[in-house]
Amino acid sequence: MFRNNYDNDAVTFSPQGRIFQVEYAQEAVKQGSVVVGLVNKTHAVLVGLKRNAEELSSYQKKIIEIDSHMGIAIAGLASDARVLSNFMKQQSLGSKMTYGRPIPLERIVTQIGDRAQTNTQQYGKRPYGVGLLVAGVDETGPHLFEFQPSGLTHEMLACAIGARSQMARTYLERHLDEFSDCSRDELINHGLRALKETLSQDKELTVDNTSVGVVGLAPEGSKSKIQSFKLYEGQETLPLLEALERSETSGEAGGEGSMEVDS
Amino acid sequence: MFRNNYDNDAVTFSPQGRIFQVEYAQEAVKQGSVVVGLVNKTHAVLVGLKRNAEELSSYQKKIIEIDSHMGIAIAGLASDARVLSNFMKQQSLGSKMTYGRPIPLERIVTQIGDRAQTNTQQYGKRPYGVGLLVAGVDETGPHLFEFQPSGLTHEMLACAIGARSQMARTYLERHLDEFSDCSRDELINHGLRALKETLSQDKELTVDNTSVGVVGLAPEGSKSKIQSFKLYEGQETLPLLEALERSETSGEAGGEGSMEVDS
Amino acid sequence: MFRNNYDNDAVTFSPQGRIFQVEYAQEAVKQGSVVVGLVNKTHAVLVGLKRNAEELSSYQKKIIEIDSHMGIAIAGLASDARVLSNFMKQQSLGSKMTYGRPIPLERIVTQIGDRAQTNTQQYGKRPYGVGLLVAGVDETGPHLFEFQPSGLTHEMLACAIGARSQMARTYLERHLDEFSDCSRDELINHGLRALKETLSQDKELTVDNTSVGVVGLAPEGSKSKIQSFKLYEGQETLPLLEALERSETSGEAGGEGSMEVDS
Amino acid sequence: MFRNNYDNDAVTFSPQGRIFQVEYAQEAVKQGSVVVGLVNKTHAVLVGLKRNAEELSSYQKKIIEIDSHMGIAIAGLASDARVLSNFMKQQSLGSKMTYGRPIPLERIVTQIGDRAQTNTQQYGKRPYGVGLLVAGVDETGPHLFEFQPSGLTHEMLACAIGARSQMARTYLERHLDEFSDCSRDELINHGLRALKETLSQDKELTVDNTSVGVVGLAPEGSKSKIQSFKLYEGQETLPLLEALERSETSGEAGGEGSMEVDS
Amino acid sequence: MFRNNYDNDAVTFSPQGRIFQVEYAQEAVKQGSVVVGLVNKTHAVLVGLKRNAEELSSYQKKIIEIDSHMGIAIAGLASDARVLSNFMKQQSLGSKMTYGRPIPLERIVTQIGDRAQTNTQQYGKRPYGVGLLVAGVDETGPHLFEFQPSGLTHEMLACAIGARSQMARTYLERHLDEFSDCSRDELINHGLRALKETLSQDKELTVDNTSVGVVGLAPEGSKSKIQSFKLYEGQETLPLLEALERSETSGEAGGEGSMEVDS
Amino acid sequence: MFRNNYDNDAVTFSPQGRIFQVEYAQEAVKQGSVVVGLVNKTHAVLVGLKRNAEELSSYQKKIIEIDSHMGIAIAGLASDARVLSNFMKQQSLGSKMTYGRPIPLERIVTQIGDRAQTNTQQYGKRPYGVGLLVAGVDETGPHLFEFQPSGLTHEMLACAIGARSQMARTYLERHLDEFSDCSRDELINHGLRALKETLSQDKELTVDNTSVGVVGLAPEGSKSKIQSFKLYEGQETLPLLEALERSETSGEAGGEGSMEVDS
Amino acid sequence: MFRNNYDNDAVTFSPQGRIFQVEYAQEAVKQGSVVVGLVNKTHAVLVGLKRNAEELSSYQKKIIEIDSHMGIAIAGLASDARVLSNFMKQQSLGSKMTYGRPIPLERIVTQIGDRAQTNTQQYGKRPYGVGLLVAGVDETGPHLFEFQPSGLTHEMLACAIGARSQMARTYLERHLDEFSDCSRDELINHGLRALKETLSQDKELTVDNTSVGVVGLAPEGSKSKIQSFKLYEGQETLPLLEALERSETSGEAGGEGSMEVDS
């Protein structure tokens, strides 16, 4: 058997300058069910596929609210994701305590990136085996970030990670121009369409396997500047899926199926 | 002999992104005798099979009371389970001291999940070799959680872990609809039926090999909101087993065999 | 040579979920000379076989008094046993200092169990290579516990550990019913009989190779509630061995050979 | 397969006195897309190539502002670069707090060099997998430094690191004499020309794949001594690229295409 | 070559429950030159053989005074022995400071036993490679203890450790009955005889290769209760060796050759 | 391939008592470009060859001023050298603060020697991969020391380390007698001649590849006792090189080409 | 190749109870050039051979003064020796500070012995690769000690360690009787003779390769009790070597060639 001598820990470079353990952690992300994120001038949307949704389990968490202005979608090791999401909740709470305002998206994303990088440069740790999409709104508007096991973080216009996510990314690239000015509902619809691309022929998006999270700027004239993070699970996703179906029939994204939330 | 180079510790990913030591710890759970958990709107029930019940030993602990509002059922390494259960008892006591109320189920489950995750990301530790079903009641009603060696925790409607637990899970999936509105006694009965499915042909549930734990909401009008966690061991399980037998004859779950406990 | 890749430390699971180093530590227990424990409603008894009793050594310690209400019998590595017994002495003393009463048996047994479990989940340690039988009396009456290198602890009605202990266990299982109501002397006699079962044909129990420890409730009307732990070594065991011989001749356990101790 | 026994960690010398892990980390730098730096008597310039600029990502960071008087260009592991750049930001801020003046370039470069060297002389760490070009202005004028994973730092007149950087270095060496007295715009132009040399035939510098950073002395008579670090991304680079094109046509570096920034 | 996979450190059990590194440390004891100890109701005696007594060295230390009431004889690694003996000196001094009385023999023996056991249960240490015979007098009379690298300690009536010590033990076992009531001089004589048994045919005990240490109860009517530890080296051993010779001629142990020491 | 089992870390002796990692670190010194040192009654001189002097780099540091009374020349890993030189600067500064006088040469040399020795006796570190020549003046006059990766330090009359340094040492040995009474300029000239010996036929010493450092006693009647350390780089070396050329033509060392520095 | 599995660190016993790394460290001593020590009732003398005395080096240190009453001679790793000698200097200074008198020889020798033993019982350290002869005078007169890498220390009448030291030891054993009453000069002469025995045929003792250190009791009637440690290097050794020559001619040790030092 071929024996790779450089892939046993994250503190060893291969002769080509690669860190295999970080790449293997990235494989754990690819094993996770797919999640998709999109952002435009007013909203940031996360959609996720709940894989192998067991009958006995209440629900599988693909999308988690971090704070009222921010949520994440996860692909990979769920227990690693919980540790990171709890860390983010604490940081966000701490920021509100200290500065009296929601933590800026870039700052919190940098914090988890640094935490993850540490695990790639210290013997006896392992990289986190999870990728995150972070969607939120701060004083500079809506943002979407991708977080990778290496600690790398990128601000993105749209992104998809997890199993078969390439299909979703292809959809997103093809429709990128349509996102920037579309409505909240249309943006959700694009996310669901991208998600659907990742399904094999005989699979469908259903209220049991679909999660949606949305956060955005409140409409002009609202009391609050922010429309809080809203998570749709189970039956709540029905209008969104119906809108998806209508749009597929009509050939247009978006529609009127979802209820607008007030923040 | 095939040599797996990635399965010696929990801080090494395989090229496919798997952490074998965590999977091997999960094997330790599968070696343990089976436990079953169920929850409905009013009660959460745990039942467990005491394997190889030695004549000389007073009793083997498959179900442990953590606090008056919560208990656990264990499958896997008993000494690991004791460490975790003692940790839970301390957390629960600490919560009562600090906040004057029982610790919410989700919080305590997250705490053991995080503690377990740590053991999968630090060299020199090993994952816990035990799975837990956590059943309890808090301000949001009855809950059932599954805890795995990876640190993963899921809220469940019903669950079974340990040796031959697949048979129990099949029963639970088939009767899931009957649980939600059934009585306390019927819920116990379903649990025992699921447990019985895991036995080989020539084995029976007896007062020596069966443990049952129940916790629930108190009937309307009670002084206390909660019917405290009640553990049935030995002869105490006799009425429950008789009810099981009657129901099997009659074809119905539940019955009147067990004494209602007052909290 | 077959090479087991999973048996070098106690923090590595085998693919079957086993921890071999803990199992090997259990082998160290099996190498130790046999000890036997029994408990009934009034007394807890330990008997032990001193193997290879050297002429030059004053005596080998198989049974150790921990406190006036508790003693242990050991099988395995004697230096590990001394560390654990000193720890128990300190804990017991500490409890008396702090709470003004003897430490409950279950608590102290849990403490050594937790201490031992730690050594199975931290790299650079090894499991204790000794098994213990803990016999004592507390406010809930007489108790017997078995402690294993894994940190596992069981309350037992009777138990035997060490070399050829299976023969003793068989005796104990066969006579379990006779224990519960028998007298202190009869209980000792049963212990010695079980011990004798483990000897090869040409060996005998003698004052040189036999140790006995007894603790119990004081007879009604005594000043103290507890009859303190009494250790019989050397010539002190003569009456007990004579009673054993008489009972074997007569076919009955117990007798009047031993002197009742006052606590 | 040839097995190198001296390349598993950074604390082992080979028989020839080499530290392979440091050399492998240098390979990670060579895998990064190229960045170029130049300095003359009045300005220091950084230019960088954004490789594989994904449509979905807002932008890739090749050049980062550390403080108003200093920026860096990176080649290699982006998460390592972020850790180092955040460290530099803190050091620079700390220096301003403590001494009331911008940190001298050589001092901050020595600080990251020492930090990196530590990782090459302590087991359990790994060298940083990133190279940096540090460009800035302090009381002794403009400076350019190269930082390598070994912790080595050199003051340079011009430098290029990353994939195919040899082509850029050749350009720089050939035109070194032209730099010292050229204008700010001409210096940028030389940087872009050097960068262009690294492209394969069918590639072009565009507003999407080019980053430019400039810092320098303010023109005589300005209020401030320093023209703050200015980062050009996306459309901002258009005039610079147009000037590049003009100069290529005319055969002269520099021109008037870029807007002078005021500090 | 046969490769034992379980003998590289003291924290690994073999499949048979053995700890090979502890057994190997015991081999170091067997490589040391022999020492013998004996105790009776009034005195404790140590005798030792100085092997390879170099002409150039003043003397080799086989017997060391720990305190006025206690001494040790060593076999094995001399530098390990010095560390342990210095530790014992400190403990003994500390006890006198704190409690105003000589440290009981069993306590100090337990202390070195525990210290040694720690080295067998913690990675990165090694067992002590030395065995000790501890002879002394405390409030309960004269005592002799054996200390082994495993941390095991036994109270003994007589003992011999080191190279060819089996011959000495055979002598001791055969004459055990004669010790208990014999005089101080006779006890020394028995020790020398046992020591002599270990010599090969052509070797003799001489003033150059023999060490003797004695401690005991003071004769009735003495001011002090204890006759302090007296170490005989070189010419001081001459009367003892002459008495040995006389006794061998006459066939009786003991005699009048040695000077009684006053404490 | 031959496999050396004793060369993986600096804390393992080979069966011949060698520490290979220290020897390999010495190889790193031999890879460095050569430096030469000389001392007489009035001055200490360092000269160094800048290898592969890149056009793009301002200059390569072979000689570093530590304090006004002391400088070093380095051969080997430059980042290790920087760490050591910064340590020396701090020590020297600290000594001035504390004792109000320049640190004696021998003391500071011992300090780096001890620091280096530590890295050869502690697992997880590696020896420094650099050799130093330390030249300076203290109250006992001018001194020259050699520092090796092993931590070994020698006071020398003259020394050369680095690639092809043997040729320089041969020159120094041959002309040792001429040093003691020669002038400052003649001593520099001898250093440059020794350096020149290491060049291959077609190479020359130039202002680009030569560094010179000098420190000495001030001429009688000067205000200061010490002529401060003077570093010659680039064009500053021109008179020294011209003097070298003149002396080669005339066959005499020294001359009048260099400007005397005032301290 | 034969592979020794027990010689990689100092915390592993071989099956025969040996610690190979300590033995290998002893080999490093044997690689060092020879040193010889002698002691009589009035003086202690050290002589050493400076091997490969380089022309360029001022001198090689084989003998080091620790304090006015004590010096050491070294064979083995010089940097290890410096660390130990500095430690001894500090201890001696500390003793003078605290107790107002020179540290007793045995105490300081025990301190370095304990320090060395620690390095043989803790993973991650290595034994010191140096042997020492410690010569000095304290309140109990002149002493000579040998220190070995194992931490073993012996008081000696005479000793030689290092390369070919066996020849010197043979001389010393043969002339041991002559030492005790000889004069200071005769004792030095014996040391030089022993040293000379280790030279190959064509080698001679010269002022360049010989070091001598002497310390002793001051003659009756001196102000000071001690004649301070006197180190002879270079030309200072000439009279001693001349006396050696005379004595060889005359066949007698000692003579009148050396100057008596006053303390």
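We call the chains A, B, C, D, E, F and G, going by the order they appear; numbering starts again at 1 in every chain.
We adopt the following convention: a residue touches a chain if its C-beta (ideal position, glycine included) is under 8 Å from a C-beta of that chain, and two chains touch if they have at least 3 such contacts.
Here is each chain with its UniProt name: A, B, C, D, E, F, G = Proteasome subunit alpha type.
Since this is a predicted model, take the numbers as computed values, not measurements.
Path length between chain B (Proteasome subunit alpha type) and chain F (Proteasome subunit alpha type) in the chain contact graph, taken as the least number of steps between touching chains: 3.
Rounded to the nearest 5, the angle that brings the Cα atoms of chain E (Proteasome subunit alpha type) onto chain G (Proteasome subunit alpha type) is 50°. Each chain gets a centre from the mean of its Cα atoms; for chain A (Proteasome subunit alpha type) and chain D (Proteasome subunit alpha type), those two points are 32 Å apart.
For the pair chain A (Proteasome subunit alpha type) and chain E (Proteasome subunit alpha type), the distance between mean C-alpha positions equals 73 Å.
Counting partners per residue, chain E (Proteasome subunit alpha type) has 3, 123-124 as the residues that reach two or more other chains.
All chains form one closed ring of contacts, and listing them from chain A (Proteasome subunit alpha type) in the direction of chain D (Proteasome subunit alpha type) gives A, D, F, G, E, C, B.
Those residues of chain D (Proteasome subunit alpha type) that touch chain A (Proteasome subunit alpha type) in the complex are listed here as 1, 3-4, 7-9, 20-21, 24-31, 55-60, 76-80, 82-83, 86, 119, 123-129. The part of chain G (Proteasome subunit alpha type) that touches chain E (Proteasome subunit alpha type) in the complex is made up of residues 2-3, 5-6, 10-19, 110, 113-114, 116-117, 120-124, 150-159, 169, 172-173, 176.
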